[in-house]
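Below are structures written as structure tokens.
Below are two complexes that have subunit A in common, paired first with subunit B and then with subunit C.
Showing the complex of A and B:
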């Protein structure tokens, strides 16, 4: 292993951590930007996606099971998200701190339910045969550096999902409505946009993407009842650093935080890198309190 | 008004006499939960009055707890020797920043000053750039996560996951002794009473009124010529101090402080005590702390698996059904019983 491959390997690890963070944070950023809702149960959507993938593999076998699992995880968590929006989030509109507490309650219930159904230890998902290989780059300066197939898959998945969400927002009618509501809710409402439906769609889309993240995560780590908890705080930091409801900001922030954590963990330790990360976020906020990409607005009060 | 004050004094007398009629186990629970109520009153001040939701009060609780625990650990070690967990980690000289904690007065002062200063510094750095609301809540939660992982990792200095425990005496009193327990209980009741009176006076003062105004319309307060920053920083520092005091008392009572007592999950549970009691009421903070904690003790001993479901449901219900908590519910019952017909709100213009 030369110096270059070591650095490249580290960078690659950072990017693969960043892809999962990106998938986890995407839904948070969208619903936070649009509805000012903090969904503390978002981590449990990851968990749910992981368990749904596990179940699909148990039903459809190793080869096709994972592909089915991706679809089931997306649809299942999106439906659950829609249900959550209709029954709970909608009632708390305009009280962001209260949504935070209520969804935390939901996350506790979901965790305990997972513990009762699947046991506290967690379940393993084995990667399908078509992902278990490695990509090696022999014959170049990168000799000895190889990319595990699952990690490469996660990065590709994150890129595809990000591209799809960006396309939806930029090119479809739903995207037009999302942008309108994001920019000015009362005016969009007055012009006839069904803001409730837009909220519902965005929230369900966000939880669905989190389900996909959980599905991807299950390839590299066992699915446990508390798997969501370990990612949610970082996902929130990504949202804060990225800026409200901005895809570009979320992408850049996820890359920054992913690569930062991976590098800091090598230089120091896991725990110290957490402390460093938080310090850096607080210092960052001194310069850009509204995140990397902030929407220009003349409004005095945040709505 | 006088009747209400009389009621409070009666409650105080009943609490002070509790060693006479409560069994030992219930008394020790009551003492510990009253200590937690000191922290809850701090949350009531910043959240109920100031509108600042902190999900990291456990960090300040922990700082207070560790300050006292470090002293107890040094006092329990053999003269000249380092505490046992340091020996296990192969550390044979005391780190310099441990040394002053050998002095009991320093340790007690540190249990108040360190959490207060840390809280003030955090609040200043974050509120200075007008970062508020959900952002602040998330930052404080990240703080709780970072603080606990950090303490767990520095095992040779902090005792790691197990925390600091195994104390023999506290400030010259034997810890197992019943008289020490009664004394600690009375000290706790006294601190709860003093805190209640002091925080209520603060809420009634000009400071409290501006803080309330900051909650309801921060920019309007700016237009009136006040800078909200010092009000928020001071309120948050006071809540930090109260959390530190609670941490010190609980550490003395339980004889242990460990990261599991103040991480992300315990920190957010602290908020729910106040939400259950009634976030706008100081008395509600105390009542909520006692009810939730006695409930937790009872449910987790009878149905261990049920507790998380119950607390999860409490989070959802208190926010959707009773956002003003138990005190709010009682108030609406009282107004309804005084006026036979419910007050009809003025018709909204549709």
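Showing the complex of A and C:
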């Protein structure tokens, strides 16, 4: 591989990293962005998705198990999210610091539960045969520009999930209610929208998407009780840089951060590219504290 | 009134319970027939994958010694603490064990960052730490017994093997902390000195999970072999992403310095198949004493493999007990002096001993990972290697005198 293919490869990697960030952040963009729920257990939703995938593979075998795992992870974590909303989050609306502490507690409980059930050592999830190939463009794996099947899959999945969430919000009746509640909760409530049900739906959808993300990420990362911790900071970073409540902002932020760190790594190490990235984010937030796409909703003015 | 009465009742109750507790369960350090020791490993966090099993092996040795009557007639009581993969937590817990629990000695530590954080604590309180993991050397403290390999017992033998196999161009990849950085500093000196080339050198933050850029740089550098000093979960991400990029170990060999049987099991042997590792112990070593150790461990933890740091953690307890017996005292100063004058043959490491610099004399092995998760031993050094804490090429003029 030559220097030019290195640059091309890194651009592709940037998009790949962006798709991972987007998947990790989408659920948070819903719960944090639309509902202002600071869900510290978001990382553990990803972790739960990973373990559900592991269980599905154990039951259905290597080939079909992963596909089943994606569905099981989505449904399973969405149900768990709904339960969490009803039992805990609902009682803490309007108290962001309490929510933060409570969900952090949930995060610790879930980590310990995973440790007790599956052990502190991670479980094995490997890519199914239909995803383990590599698409090589020119030359061999070593010399040419190649696209790993797993990474291509994650990019496609991120795009599909983003599209689906955007469609739900823009085109469905539920989406209409979500937008109404997001824009002005008291008026939406007064006009007869069932805001409790909307909150429940948004939170469950957010955790479900996180579970799906965790399932996909288990292809390239470990599945351990603490794996969620390595994504949570970046997920919050993407949502805040993108601007609360905006899916477009989340997408743009994920792309910017992914491509930035990948191109920075052509010249420097990963540790230093993280330093550069955080520096740029701090400077950027000085000029645009509301993120890339700032929305002028009531909700923002209140907080 | 009722509330005042219930308060009084509660106080009486608490006092009664506290009294019963002191009568029934005297604090262990006060009991005549026991001695407390600290066991300090990460039971949570990114390093738990490796450290929990060392804790298990340490506890197994303690159980076995207790079953044979303990040491100096006292039963050993382990006080297990969690370092939580956080160096400052290791320092805190080490201080707690020495100051508050007044333990006779501490077995523990894995990452060099954790050892470096504990070092000032042990030097301040004159405690004694038994450190079971291979490390980068460049350190020499009277308050630590280093049973893990020095660079000249693990890393340099691996380089020697690679050179014999004709691998000239080597890519260095590691987690971004003191062990990989120092190990690679030593490796670079020796690779250049021996006429090879360093194809590249990359570091990823500890716990890092994205290797897309690193893999691209490896492709540009086109090395013949990768020397991998990644630690913890990062290895899972690295091998998964190498396989996804069409570069499994069979295509581009990887020599790992922190992947033993335990990590192989966690990462998945199928991903690691054909990759190499350098250690001073493998579960597959054909030694009758080793077979007994493995059987004893697996009787307690069925299905769990045994590896090098575990064997060292296990040996440390036996070495400590033997040294205490010889010194006739639990005093760290006397124990460490006694420890360097004894030979041990309690685990499959063969007949071994601590050198005057408090590091273990041991043989270097290179193994190839099999689909079963076990290593096939390909190569071994010519006899046991004396430990050299300061590599003369990298740190000229520095010596370890205790």
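Just so we're on the same page, the second predicted complex is superposed on the first by the 290 of 303 C-alpha atoms of A that agree within 3 Å, B and C clash if a C-alpha of one lies under 4 Å from a C-alpha of the other, contacts with A are read in each partner's own complex, and residues count from 1 in each chain.
By our rule, contacts are C-beta pairs under 8 Å (C-beta built on N, C-alpha and C of every residue); 3 or more make two chains touch, one makes a residue touch a chain.
Note that the structure is a prediction, hence the values are computed from the model and not measured.
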Query raised in the report: Touching A:282 in the superposition: subunit B (first), subunit C (second), both, neither?
Result: first
Query - Which of subunit B and subunit C A:271 touches, first, second, both or neither - result: both
**Report entry** Partner chain(s) touched by A:6 [first = subunit B, second = subunit C, both, neither]
**Finding:** second
Query raised in the report: Which partner does A:195 contact after superposing on A: first (subunit B), second (subunit C), both, neither?
Result: neither
Query raised in the report: Who does A:16 touch here: subunit B (first), subunit C (second), both, or neither?
Result: second
Query - Partner chain in contact with A:227 - subunit B first, subunit C second, else both or neither - result: second
Query raised in the report: Touch check for A:106: first (subunit B), second (subunit C), both, or neither?
Result: first
Requested in this report: Overlap the subunit B and subunit C contact sets on subunit A and report the shared residues.
Outcome: 111, 269-271, 274
Report summary line: Residue positions on subunit B within touch of subunit A in the complex are 53, 122, 125-126, 128-131, 133-135, 137-139, 141-143, 145-146, 149-150, 152-154, 219, 264, 268, 271-272, 275, 305, 308-309, 311-316, 318-320, 323
Query raised in the report: Which subunit C residues qualify as touching subunit A in the complex?
Result: 43-46, 48-49, 52, 176, 202-205, 207-210, 212-214, 216-217, 219-220, 222, 233, 236-237, 240-241, 243-247, 251-252, 262, 265-268, 270-271
Query raised in the report: Tell me, which parts of subunit A touch subunit C in their complex?
Result: 1-3, 5-6, 9-10, 13, 16-17, 20, 111, 115, 120-122, 124, 126-127, 132-134, 136, 141-143, 146, 148-151, 219-222, 224-227, 230, 262, 265-266, 269-271, 274
**Report entry** Residue ranges of subunit A touching subunit B (in the complex, touch as defined)
**Finding:** 32, 36, 38, 88, 91-92, 95-102, 104-109, 111-112, 116, 229, 233, 236-237, 239-240, 269-272, 274-275, 277-278, 281-282, 285-286, 289, 300-302
